Amino acid sequence: MTAVVTGIDALQYFIPEFILGITGFAILAAGMFGSSRKVNASITFVSLAASFVYTLTMFNHPVYVLSSTFLLDNFGLYFMLLFLAAGMLITFPAIINISAKSEIFFSLLLFTTVGMIIAASSSNLIVLFVSFEAVSTGTYVMTAFHKTERTLEASTKYFFTGAVSTSIIVLGISYFYEATGTFYLSPSPAIISSGAMLVSLILLVIGFGFKLAIFPMHQWAIDTYDGSENSVSAFLSTGSKLVAFMIMLRVFVSGFYGDANDFYIIFTLLAIVTMTYGNFSALSETNLKRLLAYSSVAQAGYLILVFSAAGYAIGISDTNLMEYAVAAGMIYSLVYIFMKGGAFLAMNLSSTKKVDVSDLSGLNKKSPAAALSLSILLLSLAGIPFTGGFLGKFFLFLALIEVKLWWLAVIAILNSAVSVFYYLRVILVMYRGEPSENIKVSSLGVIPLVVCAAAVIILGVYFALFSTVLGFVGGLFR
Amino acid sequence: MELFLIQGLTLLLFTIGLYGVMTAKTGIKTLISIEILLNSALVNLVALGYRSSQPLVLALFVIAISVVESAVGLSIMLAVYRKFGRITIQSLREMRD
Amino acid sequence: MDLALIAWFVFLSPLIAFPLSYFAGLKWKNWSGIIASSSIAVSLILSFILYLYYSVPVHSSYNWFYSFNYGIFVDHLSIAMVMMVSFVSLMIHLFAIYYMGKDPNRHVYFAETSLFTAGMLGLVLSSNLLEFFLFWELVGLCSYLLIGFWFFKPNAASAAKKAFIVTRVGDMSFVIGLAVLYSSLSPLTANPLSIPFLINNMPFVLSVLGSGKLALVSILFLGGAIGKSSQFPLHVWIPDAMEGPTTVSALIHAATMVTAGIYLVARIYPLYYYSGPDVLYTLAIIGSFTAIFAGILGLVVNDIKRILAYSTISQLGYMLSALGLFSVIGLSAVGYAMFHLFVHAFFKAMLFMGAGVILLTLMELRDVKRMGGLWKRMPITVSIIFIGALALSAIYPTAGYFSKDEIISAAYVYMTSSGAWYYALPWIFLTVGAFLTAAYTFRMFFLVALGKPRSELADHAKDPSILVLLPLIPLAILSIIYGFFRGDFLSYLGGSNNLYVPLYIKYLPLTLALLGILVTYLIYGRETWMHMDLSKSRVYSLVKNKFYMDKLFTGSVAERGILPISGKFASFENSYNTDVEKLGRHALDLGTAMRKLQSGVIESYFALIILGSAVVFIIALIVGVI
Amino acid sequence: MLMMELYIALFLLSVVTFLSGKNAKVYSLAVSGAFLLIFLFYFSYRYWGLSAVHGTLQTIPISPAYGFNFSLQSSGLSAVLVVIATFVIFAAIFVSSGNYSQVFYGLIMLTMSGLIGLLLSANLLFFYIFWEVVLVPVYFLIGLYGNRRSDTVSLKFFVYTHIGSVLMLLSFFSLYTYYFYETNGSFSMSISSLMNPALFETMPVFWRGFVFFGLFVAFLVKLPSFPLHSWLPDSYETAPYPVTIVLAGALSIMGGYGFFGILLPVVKVIPQGFLLALIVLGIISLIYFSLSAMSQLSMKRMMAYASAAAMGFVTISFGSGAIELQNSFSPSLYNLAFAGGMYQVLVHGLIMAMIFSSLYYVTKSTGKEMIGSLGGIFRGAPVISSFLLVGLLASLGLPGMAGFVAEFSVLAGIYGEIGMWILLIIFAMLITASYHIWMAQRTLFGPYNEVLGNIHDAGASSSAILTVMMLAIIFLGVFPHSVFELFTNYASGVVIP
């Protein structure tokens, strides 16, 4: 029932990409005539908003385009909205961090978002790989933007591990082709050689696991989030991480539908190790950005719990339980953008590059709004009710229990209980003691925080979201 | 039968590349070994070309991407050299706990 | 004439006086005493009316909570008890107006004593064992407050604490008894703990509980009685309770509260005689042993109030042993015990008030050895004390003789009733007790009255105005003539006086008492005691330290027993808490160790990627395969 | 009928306290006082006939397809507990000295609305949400306003209770899942459908154990009971007095309500192993806490242990009542045990509120908190000392006061099952009586400690609130009929033998 569209009218499905691409070049051109940072930022924001609105209209009629290499279904469109939202989130705060040559930064941002959108609109491995590479290359350059020691070191580490993982992905894809004979990810490929399938599964898990920063492949993420500019690390930890998550959803849940039991075991082991490592190493971390980095590793651990639940559900061939798990993952990623993005943007509140927890002490006296919204974001990261984080974790653990993986749920929920320790420690610091001298409060710094906090609160109460998102999951099995 | 031989070649190239990445002192050496890695994947892809032309399409993309990778890598190394005066990436240790 | 309403107001009128006398007393101190005494006078009159118009047991009760009711239950026993309690406490309150004359917060004193009297009257009239227990503890609370009335005196405060805790031990055994009774009776009856129900259908209760459990229940209630009436194991608190004002000792630790335990056993007496002979034997043996034990202790104490305290304990022993002789004297055992209780209340209250007068004039000098020669200086008071002493040592015309000697002869019949050797013990203890009672009473009397005044205060002592001694007169008259009313007292309580005892046994206690007086006169009457040096004799020091019973309780049980355990628990608690915090620190250190992995060198990152994923996939394969 | 509107008004008003500026205390006092009266009249009107077990159910659907909707329903038990919680928090606000900021009062009002939401909620999802919502403001109250090492203590408090509550969440999920299997396809998170014995019959034994384990851990941590109590002494001691009153008076209700409100309907299917463990834990915590309270030096810490010991009765009464029910003893026993346990929860809150407020006034007038440094203050401050004495006597269970009614009915109810183990409970009650009286003698009576200088007595307002509390305790002790009948009717109505 997915219509196949060919010829000229297929172009209408690529309008979001065109909007972004054209504005990217327009900004580059404007840059030559010396347009100011604010102008570039607002142009970027307008174009992102425009494609956001257009994507909204494309819902509910899935279609194959360009001889079915592209598939525009609700699942992909949902993630497109997420990536555009991530982009919009960091455009204005970027003005604080990006001083010189801002037009390059904003055009890079737009082109990376184009890469993300293309990744979201296809279920063909080649297209996924190419768009994944577009995103990675764009983010390598964004990380190294100011060419200071810190950003350079961050981007070198990011680049080298990224490049190694790209080659692993390509090898994985080649073995996938050898095993299934096609690049299309559909739930029922005829498995030619299961040995190759297993090898490709292992390689793809390492390759994509790198971008999601799961345990063995997470080390670059800690240094890169710490080193790069605040809005860049915000974009990295939300946008590019969720691209990897979406691609993994497509690849594993529908591509490797056949041997779900294997990836259930692999992902459970990885999830347990990642959560525990992320949570425990964040406990005594005093550098706030590194603390958020470790917490994003831990959050990645929660994300891949979706694969264990979905894999186990496929194992016992109960598809709607698998759909609950995927829907839970989708909600978690939506909430994750605002929580993690907002938290990293909060680092703009402190003038120092190496933000220490004590730098934010007494924030309540300087700007109560910032203090309140950052506490809401941290409470949401900890999973306290009435916040979005709770909604995400609620459905995630519900999916785990519905699949009867009670022991995994207990490990995960104890991890999230331990994580409460370091989130609340930061909140107390903000509300006690005298305001530290290197707090600088600017409207650009505070407004995005308040927006994120509001979004998190709204999501926290909006339980009906689960049924709408559950409707989108169908797209995964076209 | 010959597919097995070629895949043996890919794995060999892949391990050489990995070894190069892990032991390279200077940035450029790492870049070269990353190229080796990508090429090993390329060989495997081309070897699978006998079934249909799709893997060859991917091979073309992979060639383009390896060029982009090395371009970005070299520009980062250039900036590192200009800033730190040397490109031994071991010395980049400022980010640690 | 609605007897129930009258009965309610018997104990409600002092209860109303409690807040009244406190708040009235805030402004006009003297008024509080008058309000208190008048409220008790009202309840005396009402109980007298009850006595006159009583025909059939009155029982009206309302639902308190779940299946427990509260209300009043009036029968012969409770009417007699109510009249005695209100009469004696009225006399003591009138005396207290003089005794507490100048004390700044006497309104607090009168409020507490009227609350006490209300509690005592409520206890007597209560219709449910749980309501009985409520008044039982209310009375205990008042005794705690009143012992510690002069709270600034350190040993008064610790005496109050000791009294409360020791009686609490007894109350706890009472509570277990209630719980056992409730849990076995509640499935079968609507109102398991109501007293009239328990008294009237004992066979049904016996069939439900079985004799073993019934014995357990009665022993537990006995434990409560021992605690409150300070029988053998739990008697340690009464000598220290003398720290309170003398009128408090008179009211609470002589006449009313301590008798509550005996009244409890009398009230639910069917429970006891249905639970078999061994329970009754324990009653007798504990009573008689306490009688002799307290008698011995009384001999060596020099404080006048402590001598009277020990005499109270030993007389209570007599009452409890009387209750234990059911197999011989049947239902009149209650009559014997209550008669002795009444008579003892009269002369003991009088003795305490007399001692109070002496203490007031001698500025609270309590050591008997530094008094002396007071008969000439305070003729009226000392002669009243002389009458009390005669009654206490049961000399012929006084009521004491009639009440105590009958019990001893009943004990004799009890001894002959069964061959077992241990049946003889009660009689032996009680007769020796009679001798000891006379000995310590007249030792106290001779030291106080005869010889030369041994302290300058004793020298200037003189009688207070006759008005003060007025309340003592009726008690003196009663303790002399009341003996002759023993017959109809027993018949009123449903007993009979037909006990045949050979003559030489009947008058043995009287002769022993006279012998005791003679011996004490020889020693203490003519100052021979001054040059008797008893310090070396081991027996003397053993008795002086109260057989080390106090040391056993406060020393080994409390100091060496419970406090070290609680110290160990507290230290374990602290280490348990710090362990939890240490656990937190270990997690933090684990975290820092984990972060060491982040060495910053990119080669180690690649190594970890390869190594880490290899390990993960090997484990996955192993787990996948099996 | 208007329960939902009442609750939403309460929630909004408590959020507004944050903006009430200088006169925050007066504002929060007015709001909590008003709601105290409203609840009192509303519930006494609703439960006048003592018969209704459950009030009317009011629901705001949030995502009805999946059973997540915000529904409130009062029951006999929760009605009384709501009134007591409001009263205790009203007293805490009343007692607190004026110089706290509006954030302080806002947090207290949030705790109140969270607690009342928890007591009234008929949906397990919102039961969990309110369970957490109550913890967060208390964490900030201790963290921001506590003395000494308040940050570590508040963190320990929060993480400790949070671990308990997340395990409870997993139990709710498994119930939710098994309800889905049981009715093959329909979802529900409402307490009435998930908490009925029929659902547990078909559940495999392991999962039944898993559900009850999670619920018991959460309730035992909050109660607190023996092994899971180490957050209690530090947080009671570090928190400022009004917060300790809220902690001791109101938050201990959560644990008690957990047992008697949530678990009572399914008491028939709880495995006996759990129930025996409950009784043993109850007895241990009774003895352990009383003995460790005996040798504490600070009055506040001693009373913290006393409060923990008193809650031992709740676990004992629930455990042995449940076993009696399962061994089909006569209802007159286990109904009394359950009603006694509920009454203990109700009364313990009131007594602890009175004790800690009188301790607050003693500390305020003498400036000292350690028992050693006080002595004979009855002479200097007779009013506060007499109120403290009344509180201590009520807490050691003197008849005539509410404590005795609860303790006696528990003892009477459980003897059928426990037999001679009751001696251990009696031993603990004796220890309780002795250290209470010892503390009273050591601080109130005895010679006046001259170091204290002259201390002033409490003002009219303080003796006003303390008198109200004293009258409430004595009223509940002498005329417990109305409340106790409510509990026994609730117990016999809810428990399906």
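Couple of notes before you dig in:
For reference, chains read A, B, C and D in written order, and residue numbers begin at 1 within each chain.
Following the convention adopted for this analysis, contacts are C-beta pairs under 8 Å (C-beta built on N, C-alpha and C of every residue); 3 or more make two chains touch, one makes a residue touch a chain.
Predicted model only: the values in this text are computed from it and were never measured.
Centrality by Cα centroid goes to chain D. Measuring from the averaged C-alpha position of chain B to that of chain D gives a distance of 65 Å.
Look at where the CA atoms of chain A average out and do the same for chain D: the two points lie 43 Å apart. Centres computed as Cα averages put chain C at a distance of 37 Å from chain D. Separation between the centroids of chain B and chain C, computed from CA atoms only, is 97 Å.
Counting only residues that touch two or more partner chains, chain C has 584, 592, 595, 598, 600, 602, 606. Residue numbers of chain D whose C-beta contacts span two or more other chains: 159. Within chain B, contacts with two or more other chains are made by residues 18, 21, 89, 92, 94-97. Interchain contacts give a graph that is no line, ring or star and is not complete, per the touch definition above.
The set of touching chain pairs reads A-B, A-C, A-D, B-C, C-D, using the touch definition from the header. Remark: chain C residues 592, 595-596, 598-603, 606-607, 610 touch chain B in the complex. Contacts from chain B toward chain C in the complex involve residues 18, 21-24, 89-90, 92-97.
On the side of chain D, the complex with chain C involves touching residues 152, 156, 159-160, 230, 233-234, 288, 291-292, 294-296, 329-330, 332-333, 335-336, 339, 376, 378-379, 393, 398-400, 404-405, 408-409, 411-413, 415-416, 422-423, 426, 429-431, 433-434, 437-438, 440-441, 444-448, 480-481, 484-485, 488. Of all residues in chain A, only 156-157, 160-161, 164, 202, 205-206, 209-210, 215-217, 219-220, 222-223, 261-262, 265-266, 269-270, 273, 277, 280-285, 294, 418, 421 touch chain C in the complex they form.
Contact residues on chain C toward chain A in their complex (touch as defined above): 584, 587-592, 594-595, 597-598, 600, 602, 604-606, 608-609, 611-613, 616-617, 619-620, 623-624.
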